[in-house]
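Notes for the one structure printed next.
Per-chain numbering from 1; labels A, B and C assigned in written order.
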Amino acid sequence: MARVVLENVRKTYPNGFKAIHGVDVAIEEGEFLVLVGPSGCGKSTLLRMIAGLESVTEGSVSIGERQVNDLEPSERDIAMVFQNYALYPHMSVYKNMAYGLKIMGLPKEEIDQRVKKAADILELTEEQLTRKPKQLSGGQRQRVAMGRAIVREPSVFLFDEPLSNLDAKLRVQMRLEIKQLQSELGITSVYVTHDQVEAMTLGHRLMVLNAGYVEQLGTPIELYQRPASLFVAGFIGSPSMNFANAKIDAEGKNVTISGQAALPLGNGGMPNHASKDVTLGIRPEHLELARDEAGAVPLIASMIEHLGADTLIHGHFGESKSRLTVRIEGIQYINPGDVLPIRVSPDHLHLFDPATEKRLED
Amino acid sequence: MLKNVHFGPSVLPFLLVAPQIIVTIIFFIWPAGQALYQSLLIQDAFGLKTEFVWLENFGILFSEEQYRNSFGRTVVFSSLVAILSMSFALILAVLADRVIKGAGTYRTFLIWPYAVAPVTAGALWVFMFDPTLGIVTYGLSAMGYDWNHKLNGGEAMALVVMAAAWKQVAYNFLFFLAGLQSIPKSLIEAAAIDGAGPVRRFRDIIFPLLSPTTFFLLVINIVYAFFDTFGIVHVMTAGGPAGATNILVYKVFSDGFVGLDLGGSAAQSVILMIIVIGLTVVQFKYVEKKVAY
Amino acid sequence: MIENRPLLTIFSHLMLILGVVMIAFPIWITFVAATHTDIRMTQIPLPLLPGGHFFENLDLALNKGLSGQSGQGVTRMLWNSLVMAMMISVGKIAISLLSAFAVVYFRFPFRMFFFWMIFITLMLPVEVRILPTYEVVANLGMLDTYWGLSIPLIASATATFMFRQVFLTIPDELLEAARIDGASPMRFFWDILIPMSRTNIAALFVILFIYGWNQYLWPLLITSDNDMYTVVMGIKQMLEAAEQAPEWNVIMMTALLAMIPPVCVVVFMQTLFVKGLTETEK
């Protein structure tokens, strides 16, 4: 168990491509940090830099109290679970899990003890230990990959999209198992995924990456409630946040989506940003069907999705071109062309600067 | 084997398959049958008298010291060629796989010998080792060693082995390199994280995973050494000196065409056929149960 | 993957260069020998660097052969090799395509029987059946002909197997779509299968061309007419005739000429060739 500290970590490839632009984070002991972002954002690169599989161009990576920039992967006291598991196909499951320990020079009894203990935790049977990887299912192979990491009893666990190759149902199940496992073992973990639901469920904190930049670092709730940028706002939450062009009025008290009624701003408004053009964000689940027309904005519905537990209504506000999605609980009998009064809660409005795409604070 | 979607029976498939089948029958099956038949006969050179002798020809062959020697010699020869050229090729392939940039260039330079005919290869090597003029001979004599493969049987064998192995390195290199490059990088990385250094990784992970390729090449190399080396022997030593390099395939030729011992030569052909068939079957069977991941 | 062992990388490069040198050395020596006069080539030590007589020797080899011989150069032999190589590669590809197509896409009686018959040829290289095959060729009057040189070598199974492999991976839907479009089997073959197999055909061509060009035992057996000799045979002839005072410059120039076409083919079509090779055999 150890702290992992990254200070101004940068990565530039020999051909000039800048993959990582300065990342700073202090991962506490026992913390589960998730690196999340779209393909190509640099999350895997960052993970591999911590592992020692990619070189660090600038900045420092520390595990425990040591700086590990120049250390081989095997010297960093880490264990990694790969996306395609990387199990040695010609060795039995037992041997796969024992390999690293054998190299460390541990006595046979201890190796046996550790392997059996890990197999127990992961619910792998004795019989499965004797099989070769290709004789196991995807989920079982995933467990073996984790077993290989657990027996090493490392300071840090690294996960590189370990669930991507599993089918949806298995993914949900394994997700919870990983969360529980990490919580029991208490080992500092860094986990890479492109799936924001996975990220939200697993992480104590999330680091959202985009094209090599850190968009935001924070707890899942922080990212949900106060996204620091348009990118984070649109990335976290499903269905994703609605965006519309809007303008703050002259007093900073209300914001108007073009052609519609003014929407009051909560928390005393934004006097510092009066008369500004903004991008307005509001999550589908924060738009409600109003009971009466007072203070409500009329939504013209165009498409309805019935999910059973919720209903998603796609439409637009009057003349405005912006398309919006509203999520209402339960089954709603609504038809395309219906006009619905929508109530917008002022506490759930997010305002972003259209140019910098950053959150506007007062 | 057959595509699920296919055409029904008609005359067409017979026509399509005809060219290959006809040539196969005329130039493969029939001659092979002839060889089998002839191996059961004793015939004099003029074909005036033929006697059916069942397996006597084979018996004679194996009782002849010359034949047994040739057989043993061929085994030694092919083992040496296989081991030499495979080891050399493996080393080069591992190195080329390691150096990510430049692997293509090295490959270009290393595959030339594949295009060289065995005969030509033989000619080149015999030139380099010519007892009077050879450049290598010169180098050796400067070190105090007199090389003359025309007199020394051991040297003749060494020369033939070197020429044959040299030619095969290219082929083996290509396959080893392809095999190495097909090992998923993540396996190597996982081993590195587990603490294995380069040598350990090679021994525990790479070499075992390369075993299908290795086995395949072993069979190919042995078949090559048994059969494709006729040209090399013919051009370099003509089986000599004193039969030191008279390997089986050469013997078939010299006994049959030069010595005109048709029965004996046919019997030898049959034995060679059995060996090839055996090797090919072994290889196919193994490839079926190949390590698949 | 990074590894902080730069020494190992330098060592690797050095060893590779050494390997290349060792492999290329014989060819270098050949080239050098082909560029000196015959006199120079009898003086010890033989040169390690090229001389200036490349074109002279080229002319000698092509047009005059060894002095003291019938004055015949190797031009004719080069031509023979070329014809033989082309006939073998084109012929083999053609009949293999047809056979593979039949075996994979048609259900007809004796299909498996034919398949196994073709399979057997994999196990019978020409060296194993030389005498009887010679007899057959002689009986058909094909000695000393281009046909005799090539036909017996074109029926072996490697090409058929490779095309079979390729055809098996072509999606079924293509055939179905073609049938709906009204294409006959041969149209399907010509318009769809062949274009899709283009790379494999090219790769196989390289392999077969080299195979054909480098044939030795078979041409040796069935040609007795000087005019039909192939260039690889020419080399052996020269070596034999050269017992007393080998004219290495001419011999090596001939060797060079014998090597250049196949080497060029391999080097220029390298990627294609490697792909074809590693996929055929597996």
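Observations, loosely collected:
Following the convention adopted for this analysis, a contact is a pair of C-beta atoms (placed from the backbone, for glycine too) under 8 Å apart; a residue touches a chain by one contact, two chains touch by 3 or more.
These numbers were taken from a predicted model, which means no experiment stands behind them.
Apart from subunit A, the touch network of the chains stays a single piece. In this assembly, A is the chain whose CA centroid lies farthest from the centroid of subunit C.
A separation of 16 Å divides the Cα centre of subunit B from that of subunit C.
Averaging Cα coordinates per chain places subunit A and subunit B 57 Å apart. With touch defined as above, residues shared between interfaces to two or more other chains in subunit C number as follows: 1, 3. Each of the following residues of subunit B touches two or more other chains: 189, 192. Counting partners per residue, subunit A has 52-53, 72 as the residues that reach two or more other chains. Taken together, the subunit B residues at the contact with subunit A in this complex read 184, 186-187, 189-196, 200, 204-205, 208-209, 291-293. Listed in rising order, the residues of subunit B touching subunit C in the complex are 2-10, 12-14, 16-17, 19-21, 23-35, 38, 88, 91-92, 95-96, 98-99, 102, 106-121, 123-128, 130, 132-135, 138, 166, 169-171, 174-175, 178, 185, 188-189, 192, 198, 216, 220, 223, 227-228, 230-231, 234-235, 249, 252-253, 256-257, 262, 265-266, 269, 272-273, 276-277, 280, 287. Taken in their complex, subunit A has these residues touching subunit B: 51-53, 72-74, 78-80, 82-84, 86-90, 99-100, 103-104, 133-134, 148, 152. Of all the residues in subunit C, the ones that touch subunit B in their complex are 1, 3, 5, 8-9, 12-13, 15-16, 19-20, 23-24, 26-27, 29-30, 33, 41-42, 44-46, 48, 94-96, 98-99, 101-109, 111, 114, 117-118, 120-125, 127-133, 135-137, 151-152, 154-156, 160, 167-168, 172, 175-176, 185-186, 210, 213-217, 220-221, 232-233, 235-236, 239, 246, 248, 251-252, 255, 258-259, 262-263, 265-267, 270, 274, 277-278, 281-282.
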